[in-house]
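Below: one structure in structure tokens.
Each chain carries a letter (A, B, C and D) given by its place in the written order, and its residues are counted from 1.
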Amino acid sequence: MAHLVRTGISLESDLLERFDCAIHKKGYKNRSEAIRDLVRDFVVTEDVEENRMVVGTLTMVYDHHRPKLSERLIEAQHHAEHKVLAATHVHLDHHNCLEVIIMRGRSADVRHLADRILSLRGVKHGKLVLTTPGKNL
Amino acid sequence: MAHLVRTGISLESDLLERFDCAIHKKGYKNRSEAIRDLVRDFVVTEDVEENRMVVGTLTMVYDHHRPKLSERLIEAQHHAEHKVLAATHVHLDHHNCLEVIIMRGRSADVRHLADRILSLRGVKHGKLVLTTPGKNL
Amino acid sequence: MAHLVRTGISLESDLLERFDCAIHKKGYKNRSEAIRDLVRDFVVTEDVEENRMVVGTLTMVYDHHRPKLSERLIEAQHHAEHKVLAATHVHLDHHNCLEVIIMRGRSADVRHLADRILSLRGVKHGKLVLTTPGKNL
Amino acid sequence: MAHLVRTGISLESDLLERFDCAIHKKGYKNRSEAIRDLVRDFVVTEDVEENRMVVGTLTMVYDHHRPKLSERLIEAQHHAEHKVLAATHVHLDHHNCLEVIIMRGRSADVRHLADRILSLRGVKHGKLVLTTPGKNL
């Protein structure tokens, strides 16, 4: 694991005061951790833009009574089996299920797979999150 | 379950042609399903803005060797137990874990819980998705 | 200009009711115009993803007392003169200016120019909007 | 104007290296300015969420041949005259205009005005940017 280094930034006292106040509301215990989170998010955004390896989680809500939908969802995932790491299923009510599919791959490939799944009939709503595999971060 | 109704829209032929082409690339089999997805997303966005009941999934990546982090994550979830439905854990490598926490509640409350968790030291990156419990959609 | 065509969609009565309610709040007079806006936004998003010709507006706030910043902003715009269509300047207070720079070009080029400008010292905050030149829409 | 203060952060050497590489691509000359931009963006996002005073720019594309649209746009702006600071108009082609309307007010009010305008028939596409009046930033 990487060793820690220290870097300094200069900024206006008013800005710093407002930042401290804003991060406190979000639950941060100290300024350094909040800035690290901003720095990491910047780097992850670049990974996504540059089509590097990312981890994606696709959240979707669907009606499991829709004929053949469950088969199609499983088929789509197995067809891309090297990309799908895991899936979690929650029963929301008699009709509605939430499923989270966890994927790994280049950002464009993960996005493409998510588009395929979200366009299936019976999938009511969904969103993809792209994040980092965590190395060097 | 609600019965189906039919509604008509008029739009420019050029626009319709471009739309058909764009949805085909995303994997849609027909125009009606693509428009339904846009309509549903509009309604879900309003649910979130109006602080209605939503389902949220928080994706986060963290280093499980960080002292006390696992305890803090479990504590934060149990403290809000009526909101957390399930959690899935994936081992990304020797150090890094991905966790997806599935929550239900008013959108502001779900967001607040997500902020608390993401601000913990050792959580490297994370994003919250807000979606629908699926009823009347 | 393209002639109008009519297309029909079928959707659940509950969903339609919720949609009508949500668009009414946003100010829409009728359902057809609201759906057209969703369809157009979908097509514009694809134009941006596929690096087609777009129009971009960069909003930024800066301190005009910052030495050399005005020159650098003008220089950056002239360097890309074929891309910059117009700029509007508003005096917010004694120190702060808002400037909106209107650009045209491929989406990646417009984004690159915006990044250059936003990274200049003295530019406090800014955001880029990518929209359509309007043809066939 | 506020005096400058200095603050230090500690972070992993690998992360710092990746950050330096990513900001260089965006055009940043030094790390301190890049971190200040992240800090400012965080503070502005909070201003928007907390319904504080913001500056908004609404970018929209419309067909100026659409009967009565120009009158309606002017009417909507004058009706909210204390909020609208300026407007810029660019002729994109024979039919299409781009207009940028610069507004100031509480974030919810600015958003409401933008929704009204974007829902008018003939407005093809548009997006709102919310930024800062610049003070204490």
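Everything below uses one rule, namely that a contact is a pair of C-beta atoms (placed from the backbone, for glycine too) under 8 Å apart; a residue touches a chain by one contact, two chains touch by 3 or more.
Keep in mind that this is a model prediction, so the values were computed, not measured.
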Required steps from chain B to chain D (each step between touching chains, minimum)
2
In steps of 5 degrees, what rotation angle do you get fitting chain A onto chain D on the CA atoms?
180
Geometric centre distance via CA averages, chain C-chain A, whole Å:
25
How many Å are there between the centre of chain C and the centre of chain D, using C-alpha atoms for each centre?
9
Note: chain D residues in touch with at least two other chains are 1, 23, 34, 40, 137
May I ask you to sort the chain touch graph into line, ring, star, complete or other?
ring
Residues on chain A engaged by chain B in the complex (per definition of touch):
1, 23, 26-29, 33-34, 37, 40-41, 44, 55, 57, 59-63, 85-86, 88, 90, 92-93, 95-98, 100, 102, 115-116, 118-121, 123-127, 129, 131-135, 137
What residues of chain A sit close enough to touch chain D in their complex?
1-16, 18-19, 22-23, 25, 31-32, 34-36, 38-40, 42-43, 46, 136-137
